[in-house]
Amino acid sequence: MRSFFSALLRSKAGLFGWIILSIFVLAALLAPVLGLDSPVRGSLSARLDPPTWTGLFSPGPHPLGTDQLGRDILSRIIYGSRVTLAVAAAAVILGGIVGVGLGIVAGYFRGMTDRILMRLVDIQLAFPLMLLALLVVAALGPSLRNIIIVLALTSWIRYARIIRGQVLAVREREFVQSARAIGSGTLRIMFRHILPNVLTPALVVGTLELARVIIMDAALSFLGLGVPPPAPSWGRMLADGRTYLSTAWWIVTFPGLAIVLTVLSVNLVGDWLRDYFDPKQRGLK
Amino acid sequence: MIRYLLGKLAESAIAIWGVVTIVFFVTRILGDPSALLLPIGASPEEMARLQADLGLDQPLFLQYLSYLGNIATGDFGQSFQFGRPAMGVVLERMPATMELAFTALILGTLLGVVAGTIAALNRGRLAELVVMLFALLGQATPVFWLGIMLILFFAVDLRWLPTGGYGTPAHLVLPAFTLAVFVSASIARLLRSNLLDVLKEDYVRTARAKGLMPRVILVWHVGRNALIPVVTMIGIIMGELLGGSVVTETVFSWPGVGRLIIQAIETKDFPVIQAGVALIAFIFVVINFAIDLLYGLLDPRIRERR
Amino acid sequence: MTAPLLEVKNLSVVFDTEGGTVHAVNDVSYTIEAGETLGIVGESGSGKSVHVLAMLGLIPRPPGRIVSGSVLFEGRDLLKLSEAELRNIRGGRIGFVFQDPMTSLNPVLTVERQLIEPLTRHEGLSRRKARERAVELLDLVGIPSADRRIGQYPHQFSGGMRQRVMIAIGLACSPKLLIADEATTALDVTVQAQVLDLVRDLKKRFGTTVIWITHDMGVVAGLADNVQVMYGGRIMERGPVRSIFKQPHSAYTWGLLRSLPHGETRLTKRLYQIPGQPPDLTEPPVGDPFAPRNPFATPRCFTETPPLRQIEGMAPGHQVAAWYDLPALLAAEQGTER
Amino acid sequence: MTRPTSATSSADAPLVSVRDLTKHYGGGRGFLGASKFAVKAIDGISFDIAPGETLGLVGESGSGKSTTGRVVLQLESPTGGDVLFRGQSLVGLSPRQLKPFRREMQVVFQDPYAALNPRMTVGDFVAEPLIVHKLAKGSERADRTAELFRRVGLDPAFMKRYPHEFSGGQRQRVNIARAVAMEPSFIVADEPITALDVSIQAQIVNLFQDLQESLGIAYLFVAHDLSMVRYLCHRVAVMLRGRIVEMAPTEAIFTDARHPYTRALLSAIPVPDPDIEANRRHLAYDVDANPPAPDAALREVGPDHFLLA
């Protein structure tokens, strides 16, 4: 654990990523106790108020301004992050469990199982993910649960492909052969020998997927196929704000910045994790 | 090589079959279009007649078979919305989509290759930092938000460029540049890390031990090997560009297939959805097939496998 | 007596890593005469390859760093040359053969391309001329139907044939010095024997000076005129091959030779084993690096680094870095056993 | 543990018998129905190993020697032929049926880096056989593991550490400790010293010998280093392209080799003696021109000395 923190302190980018991500997660968790305005109920008298600090006329204490219904944008961003982060995390974990599981099964048993699974992956890869997500959400209807399922559906393939490749390599490693030579059962080999050795790549894929899924979630909301209102969502805030582009720039600017910062910090954390776990990079720098 | 090609061709065919199958079943879940096509208050008999016309009264499996048979000839049925063959409607919109995607791809790839190379060759210097910062931000920025911001700045505030629409080169600038940022960010990052990896290879040391000029080493020994994974990346990016067209085209009011599909989903225009998605997937598969070919040309070891 | 072809003086190389500074090469000095074959023996981490790569600018910098020393080659200090000047020497005056012919040849370029590169670069040959010469070279290193095979890619050659291609590349510009780094380690024994025969033959025909870096005492015995044994980044012992093998004066050389079976069977005796583990070069031991594993070590071995000195009564050039007198100690030991 | 400690003559009941063993790779139907070429990694080989005996299996890369080791242990199933352990056939047994045999037959691999699970402490790794076969629990297991560490010359204090903290020689000791944890009567040692530094190789070779003397283990010692084979093995089998071309007691192989390939192999070993090397002639053997004949069989040409002809 000590080496974890000392390695973190040595990487400025990694540290930056962790800090930003922690701030977002904390804000999301603590949203109800932060004394924010309601994210769903606005006041019509406060419609399209500019951010306080711009020095323009702004009656209410709205640090990032208000939207067309007079709702506080900061509050909506923070409450929106609850939805976005929860949806993205759930989707990535769900996709990860399915993808890692199938990847291990395909890589370990090879043969027919592997061939069928990989064909399935190929088919899905031939389908641009955004189109797939769009179609399925349109078919199932945009509910919280369906969005998570759809995002997980676009996510499992990358895990499965990468983990399968890793397992194919690990299963040829001699310690796996050795485990078979002492008579270990299949489950023991999978859980004690293979799984621990593919968790690191799975974690790295997970962060990359988290970043991708956050953007895709926002894109679906932007198209009106995200988590339905009144729950605040970054993507819909962008879509709504487009109408007021020439009069109220803050409505689209700040939710977008929130997406960029979140995705950036997740990517930085992912890169850092990969470097941290890669023994080739450790020691030699 | 022939065997490699045949294998890839078979994989592509299976992929296309898979895609059209998914499209068929998913659109069936979307709902019954006959309710939308008839005026409110139509009688059940009229409804039944329409369903029979559309073949919707048959068992799902038979519908699927006739669907497969029809699309093999490019027939996706009549668009409910436009009353014309769906494929025709989609094909009309295709040039706009391809124009945008390819402009962005070419622009972004050039930019990404240059930036990635600069970053790798300037390890630890300011140039690397700048490129990596740009690349990280470019990857983290959703295309639709970047698009809106650029519209806000260049179209709304400065009024240099149109906010959206299609036709003149000026219309192409903002959307193409927006997508190119995303493309170049991915390519720059990948190429940089590939270059750094390849520079560590034994054969690069051999090339240096031969006293070759750095330019020769970079182009012949490093570049070619580092570009091979970038070629694969271009395939993935193409998928994102084509799939992402639904979003980009909405932002820039670009009259391509993406926007058409969104409209079709809103109006439950099944044939158009099916034709649009199938065509995009088909183009994507063809592009990936071309990329596999290129891959085989770049890497002699691939040609003999399989 | 003419000046030596290569003269290394006080060369030290370090690597800066997160775990600390690795002292890979420590104060190494030696000379090579023209026409000589020097075998440099050592195990991984002994500095045998690193110091040679370092003096020709072939280690990655950073993390590698040359701390001190000079390397005179044909009268010029290689360490003071610019990268451009070094480039003119590498591949031209000095040729290389690396360990693993699988990874040392570029997989996506034809053998022709890789073989004519040094010729067009250093000899200024036209592509056509260079190709003719390249075919001759492949012929020379014993690749059958060279004219046809030159257009193939490395993966289409067997391991031994690939290493012959590497040798052809190393010899392309008739270098004064050929450096072979574990050039036969990745090969099967029978293939190794063929490659060694080839090198011996080429040496005889062209009088090339060779540095042959290996961990295999047997290979050195058959190939080298002089041997240099390295351990922990230092030269432990060097001298004419016969003198070293017949009467080693470093406990490390002695231990290595004794730990190899010399055609005996198990029933005759137990193998001598060098105790302990190789040193950690982030904290190089004070004094003689081999001292912690040396049963003959004296207290001085742990405090003071022994200099390389000529051994009295041995062949000229037989030098050892040791504070103890190994033959005397061994004789005494045998005396007590009896 | 009282088992015969010295080599018994092969007239005794063999511990391991290999009969007409073959292993082909590929050869099935490929994608699109194209049939692929089969690679004959092992092409009909037979040998016996007596209790407490060391059989050296020598050959070059691609000769099938490592595959033989894995197939004998049923880590891969053979294409044809049989492997008998104490007279019982192992081929076709399910993993459950094989389990009792696993206690008796173990393996030590070439690469001590790949052979350890990087995510397991070496103590857990060595103790794993005891868990799998329910041989010891709790503190007894810890005690036995510590005893195993001492037996292979490692400090039991290292048990809590992870593989990356060890050098190559120490890792190979860990592997050996795991292999002997169940006190097997047979170990396949697949080039166990090839990847080690020269100054460490003798340590491991001596350890193998000590274990054989104290536990009476029989070894199938797969190697390409003939001088070590001469030192370690009672008998030697020379493999070429999946066939055994010659098999004989060690001294007979080294002094009276009959097969031209064996001779070529012997002439190629570098000897650490400049005087011998100076007058050496390497014999060449062109395998492509003279592959082992498909219809050839091993024939006895001297006492216990077999030649493919």
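Lettered A, B, C and D in written order, each chain numbered from 1.
Just so we're on the same page, a contact is a pair of C-beta atoms (placed from the backbone, for glycine too) under 8 Å apart; a residue touches a chain by one contact, two chains touch by 3 or more.
Predicted model only: the values in this text are computed from it and were never measured.
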Winner on C-beta contact pairs when C-D is weighed against A-D: C-D
Chain separated most widely from chain D, comparing mean CA positions: B
Geometric centre distance via CA averages, chain D-chain C, whole Å: 32
Inter-chain centre distance, chain A versus chain C - centres from mean C-alpha coordinates, in Å: 52
Chain A and chain D, separation of their C-alpha mean positions in angstrom: 49
Residue numbers of chain C (touch at least two other chains): none
Residues of chain A touching chain D in the complex: 173-175, 177-186, 188, 192-193, 196-197, 279
In the complex with chain D, residue positions of chain C that touch it: 43-44, 159, 188-194, 196-197, 215-223, 241-242, 245, 252, 255-257, 259-266, 270-275, 277-278, 293
Contacting residues of chain A [partner chain B, same complex]: 119-120, 122-132, 134-136, 138-140, 211, 215, 218-219, 222-223, 238, 241-242, 245-246, 249, 252-253, 256, 259-261, 263-264, 267-268
Touching residues (chain side chain D, partner chain A) in the complex: 70, 73, 75, 95, 98-99, 102-103, 105-107, 109-111, 114-120, 125, 128-129, 132-133, 164, 175, 178, 181-182
Touching residues (chain side chain C, partner chain B) in the complex: 53, 56-58, 60, 86-92, 95-96, 98, 100, 103-109, 113-114, 117-118, 121-122, 153, 155, 166, 169
